[in-house]
């Protein structure tokens, strides 16, 4: 039987795509599988067990690092989202004005400089500040995270703003709403999904960061990723698999939320 | 005082851009709009009609000139301090609010008491016949219904003037016809001055008390639909509204608003002319296609020529005639039920004018 | 009396003032915790190293000199720093290789997603997005577990009797490349998909109608139209590859360093902060050059498409 000519098909493309999807997920699936491995070695299967999750849960360092990661992520994402929302309002829906391009470049700068360079720069800078002020708290990490989270939070908020219909705000002004009331009653409710998406992105980015955190952290300020990095370098135990699995689950949850927050309600 | 002015526009110009790219969206425009009037700004896209509307609404500021609302200059005021409301082309209904909340918005912003808002919303919903849909989201109602909500929302704060920016352009033909009548009714019932922007001449003729025809940032003529259609002052107005024949003529004698002109065929006919113009020498006159007849080529004809094309349109037939001086001339004749109008392609014909059909143009 | 022109002008001034006020927090934070420190790095690159790390406050170009050259300890002559050059070369080579491989795998994948029916397309896109937002460290760790000597590949091959001893993949350039392709593939697929989604398939139909073969349609129609996405994807993969730190440090080990690891070394055991600062600035310059090339290219291709 003659197959009809498929206009969109290109030879071999589907095969490669399928290989890609398998290759993307297989390592993660294996990693997750070994988290449930009863054996201590990750080269053999010793039966199903939750003991590595229990051991991670009872590891004070892991819990400590997890709490710290969340503290930093919540604070940095909040600050970054507020700053990014304000910056997005200041840089969209206007005719070009002097300094606008400068602002774009400035806000997106953390995306363009290799993380390792920013990391050593902050290492130098913060070590000076520390000598000067004597401050040795989480502030350095929060400041660093806020800075590199801003461009990520900015992206969806700006996109949302630019797709918003300016006439809605004109209509509000026409109906006697002052600029502030227009913002509160019309702009902000419509912008909200973008703000939420921006916050979630910033949160994930902060939670995932290894490089900058690794250089900026002071003694005893490990976050979950830097703790894991240290452990992996020292030698692999399935406990890392268990932590990774929990971490993955959280990321997938947030990404799913983000995916639906940014796609629906348009 | 029926003739008190609601809006007076004095010498308003609006420039956009700078340097060589600068252009005048409005060029020294002056116009007065009376109270309780359905006033239409008519013109092709880019003629400045929407710009003028936006200046009255306060979304833009004029580069020069004054805009008076009941004698007070409102041009420097931001939109939320002007007692005028707008029905937007895209309706601009707030998508995160219900129909009722949309209508209540302006009243809330004015700080009206709750009970009054409630009562006014109900009244507005009744006015636009949308009582049943009060709690719907604006995305859950049809285009025609959205249009009514937009109207109700703009009328709820009882503005001095209602601005309508091509509000019917998104509707289909049948709905548009319905809304035209609806709008007239609303204007009559509320007694509010409506300023209506459209590029649709038919819509303008049907609905307006007075029309201002605009082109290239200028108002060319202001008048009743009858004035605009039958007494066009300039070529653009005559051309933009309906179909028209332009003929060269020479003034024989001129009096008060009237003149006698000689056509290139030698025939002399009476013509009206725009007020204030004392025509002389060579002029252009316009004759609407339905005000002429094709007839046998005899002495009663004002012009002679031959038929180039016959177009049957159901209600009437168009005869495309080439006059002997080379000018094209279209005659529209109503069809009767029994057969055709008798003249065929290439046939030699005469053009006869009815009484008082010609208008002299200013340019 | 306030004229309309005056109030228009003052409204505009007010608007721009507000816009500066609104952007101040973001600009300040980024200046303090991102841009400002980079200037300090520049200053540090011209100072002398301190004995236990940090710097001595005296001007020195030694940091810059030793990026590419090394001073002989005995006779003070300068020669090329082969170790550094090797690392520069490896970084560029592996980044280009990674970019190329992500194109080879990413292009068909993006095309596959873009040609799915509307409903399932979202699902495929979602499947690409998940790895994009999951932790890079965890993904590198996943690859590490697979390719190491006790990993699943070697274990299976030995059990199947194909090999006797495990193949050494970990701590090689190949391992770094596998890891980088794995972690950066979504960065290639997403922009490619974005431009393919916009592709008007009636143009493909027109191509076939005008006697083009499948290959000709791909080369003459699809490829030129999705080129902006391809270039964006390449830059998105190339730049983080060049500055990669986590992936080469876990998969390359101590010997197979890339620039990121070399920089870390200078601030750690190497105790040569000025050299580390000089290499950092060099790396940043390389990234900027790549970005500038991209901006130029993107600019000109926009002009072409009108």
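Quick notes on this one:
Letters A, B and C mark the chains as written, and numbering starts fresh at 1 in each.
The working rule: a residue touches a chain if its C-beta (ideal position, glycine included) is under 8 Å from a C-beta of that chain, and two chains touch if they have at least 3 such contacts.
If you're wondering where the values come from, they're calculated on a predicted model, not measured in any experiment.
Relative to the whole-protein C-alpha centroid, the nearest chain centroid is that of A. Farthest from chain A, judged by the mean position of CA atoms in each chain, is B. Distance between chain centres (mean CA atoms), chain A to chain C: 17 Å. Centroids built from CA atoms put chain B at 56 Å from chain A. Mean C-alpha positions place chain B and chain C at a centre distance of 60 Å.
Along chain A, no residue makes contact with two or more other chains. Within chain C, not a single residue touches two or more of the remaining chains.
Among all residues of chain B, those that touch two or more other chains are 78. Those residues of chain B that touch chain C in the complex are listed here as 60-67, 73, 75-78.
Within the complex formed with chain A, the residues of chain C that make contact are 15-16, 18-23, 25-27, 29-38, 40-41, 44, 54, 104-106, 108-109, 111-113, 115, 122, 124, 126-131, 133-139, 141-146, 150-152, 155, 182, 185-186, 189, 201, 204-205, 208, 214, 218, 239-240, 242-243, 245-246, 249-250, 259-260, 263-264, 267, 273, 276-277, 280-281, 283-284, 287-288, 291. Put simply, chain C touches chain B in their complex at residues 1-8, 11.
Within the complex formed with chain C, the chain A residues making contact are 5, 7-14, 16-21, 23-25, 27-28, 30-31, 34, 41-44, 79-80, 82-84, 86-87, 89-91, 94, 97, 99, 103, 106-107, 109-110, 112-125, 127-128, 143-144, 146-148, 150, 154, 204, 207-208, 210-211, 215, 225, 228-229, 232-233, 236, 240-241, 244, 247-248, 251-252, 254-256, 258-259, 263.
By the touch rule above, chain B contacts chain A in their complex via residues 57-59, 78-81, 84-86, 88, 90, 92-96, 105-106, 109-110, 153-154, 157.
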